[in-house]
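The following pair of complexes shares a single chain, subunit A, combined with subunit B in the former and subunit C in the latter.
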Partner chain A sequence: MSLEQPHQLDVGETPEGELDYDALADLLGESVIDREEHINCEAFVIRPDDVARALSTLREEAGFDHLSCVTAQEYRDRYESIYHLKKYDDPTQELSLVVPTTRENPASQSGASVFDTANWHEREAYDLVGIEYDDHPDLRRILLPETWQGYPLSLDYNQDKPQIVPLREHVNPMETRNKGADDSDTMFLNIGPHHPATHGVLHLRTVLDGEQVVDVDPDIGYLHRCEEQMCQQSTYRHQIMPYPDRWDYISAGILNEWAYARAAEDLADLDVPEYAQVIRTMSAEMCRIAAHLLAVGTFALDIYGDFTAIFMYAITDRERIENLLEDLTGQRLMFNYLRLGGVAWDLPEPRDRYFEKVREFTDQFPDRLEEYHNLLTNNELFQMRVIDTGILPPEEAKRYGCTGPVLRGSGVDYDLRRDDPYGYYDELEWDVITDDGCDNFARARVRLEEMRQSIRIIEQCVDLLEEWPEDDRQIQSNVPRTLKPDSDTEIYRAVEGAKGELGIYIRSDGTDKPARFKIRSPAFCNLQSLEVMAEGEYVPDMVAALGSLDIVLGEVDR
Partner chain B sequence: MTLLPEQIGDLLGLSGLPAEIIGGLIGATIIGSIILANAALAGPWAKRKITAAFTDRISVNKFGPWGVGIIIPDAVRLLSKELIVPEGVDRPAWDLAPLIIASSALLGFAVIPMGSLGPIEFHLADPEIGLIFVFAIASIASLGLVMAGYASNNKYSLMGGLRAVAQNLAYEIPLILVGISVVIFAGSLQMSEIVAAQAQTLVELGPVDIPMWFAILNPFAFVLFLAANVAEVGRNPFDIPEAPTEIVAGYQTEYSSVYFVLFYLGEFVHIFLGGALIATIFLGGPAGPILPGFVWFLIKIWAVFLLTQWMRSALPRVRIDQLIEIGWKGLLVGAFLNLFLTAGIVGVLAI
Partner chain C sequence: MSENTELHDTLEQAQSTQEARMGSGVDDRFNSKLRKAFGASPFVLTKFDQFMNWVRGNSMFVLLFGIACCSIEMMHHYGTKHDVDRFGAGVPRASPRQADVIIVPGTIVSKFGPRMKRVYDQMPEPKFVVSMGSCTISGGPFQEGYNVIKGVEEIIPVDIHVPGCPPRPEALVYGILKLQEQIRAGESAPVTVKPYELQQFGELEGDALVQKLADEIDEDDLVMRYDWAQV
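Let's look at the complex of A and B:
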């Protein structure tokens, strides 16, 4: 990306940084059956038995090293898995692989041998839609209980019929996977779903050798609330927007709302007034600070082991930013502030008083940040605990589809706010923070420093808003009351959420409700990399690694 | 100096064996009540207030002066909880563990000279092996931890119990070695002798006499003992056997209601016993200007309590392997060095 390093052009890449889809189609040769036009990029229809080869060719030769998401959906006549590919170097270069299968035999080849992240994505597709993946290492349900009947997002599923899953069906979690227990002296341990360090209802099936972790298998889905299906039953214009607040509910609401807003606005070709973009940028960064504060606070909680000073300090600061957000949006957590084509309302009156409050916060926050550094990153005991534990090498991080502070803590310079600009970010001065440490310490430090950058962004936004001419303060563009995007248009768009790349896939069928609404949750993808970080480490380090991943189960399970 | 049981015996006009038994019982009741009152103040109230002060909060403030009345509803709450006995626990051991933990810490106070308040001397017994007795009694708590960890039929408890053993092994030896260095100074294991040895004047700075407290004489030993003591009572940064974010609550995971209270109580009494030991062998026991000795003694043990709470608020927990390393490679070596150092100091003073 940067001008200093001459960038070796990948196959199918033009010197201008555009993609030459014809060259890519030639690269894949006979695997490509057909080509489709999605709004975000072109899509190749791939033979279902050729997925792994196509993915690995694209990764090795065309540089598509980021499998952002796998969307599965059912049509009247077929099933489809869409592999959304990107490049970590330049996420605007996108390519989708559409893998169709027949309704009679919904099986296609798995991509998990090429991208580890496909493992969980395909399990989710199997769980919710019912597509089977050949050669998948571990194809079983991921969000729903093992005994669930049917596939909830398939067309013939009876959604009105309740299913009761009794505890006795799941009373023995040892039955499933317990590798290493036979040949060595190991102990199986259920960590969670009710455990002080799992940050919610996460269940880690762990095999321990003494205090060392031999194998860890996260069991998720305890907080699955059918968010995708609820969005599919809601109208674009009014009913979907409140849901994103409930994914990453730890105050990252506006960041999530923006993911939906961005995808839907691009899908329906809506404009957003610049003034609204500045307000969005400011409020989103406030949310990021609130989310990172909680992340750092709970990480400290995991290391310190009690609700001690750092956690309380972080909560105190988060209170201040919640107050600012409450003044702006009227809410402290479930903001529901963004609208398609803008924001819900203008800044609170009197504006001067609001700017004063925000400036008060941004002025004193760097000092608070120093205090966090003194308590955390400069603390020798803390360093002793977290440096060189929970190692996530950059290559592994990419294969696992990690994004956000987790990826940047592994030294990969990737931030959608800069690399795939939206909102007002490309007009502002700020830096992407990376750290080559690859360990728990690096991830915590990245979050701390990102807050400083967010403060810079907020300061610039406040300056802009203060001087914005009064007759040009348009907060929403004209959006039809009933929004019906064109039939059979598909889009996948992502924004930089608090935990990483939060992507939304929407397929329109011409009605006012999406035909398919898929959420690419960053925490879901990041959590899968726990096995890389934890195996071979001690239990306390696994807990620290989990804390440094900063997962929110609401977003993991959706 | 007459000990508390004798004073009570005299007061009741008894003599001989009945005086010893009855005086001893009443004396033990008094001392035990004082310690328990301190623990009651520390657990539900002081701990909250201190942590709140460290973390910019207010904490309990509605009931009684400074919220001190919270002790009563808290006690009612804790005692009225249902006692849940999990399936498959090893019954006598499971029931005995909390009793052992709570009582072992209390027993240690039998030989601690707690100073006088007016005519009353708060000191139950003064055997010649006083210091060894305290160490031995305090170590019985480890047995309780292992029993609790093993008998609970819970993997987290088992891990907590194993961690407790590993930790206590790593810390008891340096602790006792540092204690021995004090014995070299004082020339006696008897608590009253140790306190008396510290009453001498080290140097005179104008009108102020600096006493020969061993903490002043040998700060190195004092620091070692403080560190080992924190590990011994299992507080941050060494609260590894409980480590809530790792192994839920360690050995006490399966305990509820009264048994939980006993654990909780045992912990606080243990902190106070650690404080009492530090006060006795390093800080001149109940010695201090103006105020009565008993008050000074309380001030000293509460200072140690405050220190543990301070560390709890400010220090991260170390990992179990790091703790073992600190114990065996750091503190043990330090403790042996300290023995040589002490021998040197004693030699110089003797000249």
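Let's look at the complex of A and C:
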């Protein structure tokens, strides 16, 4: 756009917005041992003792300010950690750093000193694959119990060996009461894993000084149900698709399925008919509304215990949208509707009746949204609780790898639907909602307003589908019955899920099952930023911050 | 005098006694359906046990307990459309000490198993368990996972299983109704639990893993042992 300031080009960026990988390799100099070609971008193989320097050079000079994911995997001859880098300004500019280590001594330098988000990602890699990271601030198990023996995603792991999990019932909970210095008066408090404010089975280890939070350490893994293992032992064509529904289970199923569909379709080079893309876009936005409704409803429940009005209103509207989704997919919650190369079936007959129902919903929903605004954002009680609490400055949000409404509530204009377009989004008229407030209020407002945009998208999709010529309604392209992508191809692709950037990394080994399937969960990364929002605040504000992060434990723990 | 007339006479007498006590113009409140049903006497004779079972079945306090996907459908069954409160089971309590029914809505994994056992132990007797969804029956779609407990019955006893992935709210309501029926009839759950009580670490058979952990874990610690091979 001509009125904007000319964009300052980063090192390695061409004026057309492409990446010049040679210039980037020159920038890193001798740390680059080798270069690989992944489907989504080029990858540099980096010396294991030079990770932090390479990451900080790329961030400071080449503008790669988003460490999207860290994937760890084991080969027969080596271990590998892959750092997937992106730019918040333009997520299509990607670069992967591959850090190999030997099998005898699987240790590489940690990237946590450059990107805070690497902290948890590397702990997960240590926990599940068994790579150690030098200079890591806090390298211990994150998803599995402390007493777990072995690394379950390593190649020679024997799942049949018994494990022991202790129930430390006899430990006196007050023993660790005084954690601070001797003269301080701090108290250690467990919140969760069974607690109504933790949105599932999250466990927060907090140290309190009076009513203020001195330190908060989220302890996750109470719902770690081996999603990556499940996907690695299932076939691409049909068996994997039901699992994404169960990552972010707050009715965001189709958004998650799309993440897998997008990665696998690009990996196996499959086309999707345009008609199917429109249906995908429409149903995905329905899911987004359902997910945001529950987020808003439970947020109100957290803030001032509003069980009867807003929570019930949200449930009522969710019932309406779940009826629409059930008509379309046959299921209320776990849709399993997308297929590689399209969708499972066409819109329900009679089509007119279905469009009528969708129109009915989209027509009345803006009024409902006004009601939510009246009850929430215009409500003085609500404002007192959430304005200027749980501050997450944009720079911090970027370092913690936040995405989705959490990032947009910190004023960063980043939405993969627009910035890295997929589906039918780039053909439609809609806006990305941002808010500079950086507080709990901003995040709640962004969610409410995003629902309005979703309604706009659904309306346009219905218009398109109504007019769609009858002889061109192809719902699936031709996909081979057994899908075997070429050996040793690697891809990392992300879509905008309900909670943020939901990325999938797949490495294929020539069989019909992925050799490595890694899920980049937005809630996992967002949850990490809780310490920025909560430390120094009061306990109820921490609960509000947790509610505004809108985590879902199925996705955090996977 | 036949038995029937005797009975009839007694009833008439009871009625007249009562009328005599209350004076003329009996209060309308006493002419209730209940009274018609039970005849003249405003008293219902029953066993105290039966009465308690009836009370328990009709006023259940459910533990507010969300684990995974099924908890979303559980929220919906409290919500406007399905409204389980119609059946006297719609008061979720956040504390296990106030609850007498626990709905287990989701996959139990090794880290959460001991915690759930503790929550269950904190509930006062008599307590009832509804297991919701396939994960709580067998591990469901995640059964082959290294970290997943193959059904909630490995840890606590279950009264009602509601299958589905996830079950619809209607199915859960049906499960709750069946549980109420069971409670009212005074039936207790068939105990099908396998380990149920957790072992003490000191009692474990010594093998390589136990030896390795022996230094880290206190002998008095309660532990759970997952022997996947026995599934």
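Quick notes
Keep this in mind: the second predicted complex is superposed on the first by the 537 of 558 C-alpha atoms of A that agree within 3 Å, B and C clash if a C-alpha of one lies under 4 Å from a C-alpha of the other, contacts with A are read in each partner's own complex, and residues count from 1 in each chain.
Operating definition for what follows: contacts are C-beta pairs under 8 Å (C-beta built on N, C-alpha and C of every residue); 3 or more make two chains touch, one makes a residue touch a chain.
In this text the structure is predicted, and so the values were computed from the model without any measurement.
After overlaying the two complexes on the shared chain, residue contacts for A:L294 are found with subunit C alone; subunit B is out of touch. With both structures placed on the common chain, the touch criterion links A:N379 to subunit B but leaves subunit C unconnected.
Using the contact criterion defined above for the overlaid structures, shared-chain residue A:R481 touches neither subunit B nor subunit C, since it reaches no partner.
After overlaying the two complexes on the shared chain, residue contacts for A:R76 are found with neither subunit B nor subunit C. Of the two partner chains, subunit B is the only one that A:D302 touches; subunit C does not reach it.
Contacts of A:P196 after superposition on the shared chain: both subunit B and subunit C are touched. Once the two complexes are laid over each other on the shared chain, residue contacts for A:D541 go to subunit B alone; subunit C is not touched. Taking subunit A as the reference, the larger set of touched residues comes from C, when subunit B and subunit C are compared. Once the two complexes are overlaid on the shared chain, A:T316 sits against subunit B and subunit C alike.
Subunit A residues in contact with subunit B (one complex) as well as with subunit C (other complex) are 195-196, 312, 316. Against subunit A, the residues of subunit B that register as touching in their complex are 51, 54-57, 155-156, 159, 236-237, 239, 243-248, 312-322. Subunit C meets subunit A in the complex at residues 64-69, 71-73, 75-76, 79-81, 94, 96, 106-107, 109-119, 135, 141-142, 144-148, 165-166, 168, 198, 201, 204, 209-210, 212-213, 216-218, 220-229.
If you check the complex, the residues on subunit A that touch subunit C are 143-145, 147-149, 152, 157, 159-170, 193-196, 199-201, 221-227, 229-230, 233, 242-243, 246, 249-251, 294, 312, 315-316, 318-319, 332-334, 553-554. The touching residues of subunit A, counted against subunit B in their complex, run 187, 189, 195-197, 211, 300-309, 311-313, 316, 375, 379, 381-382, 384-385, 538-541, 543.
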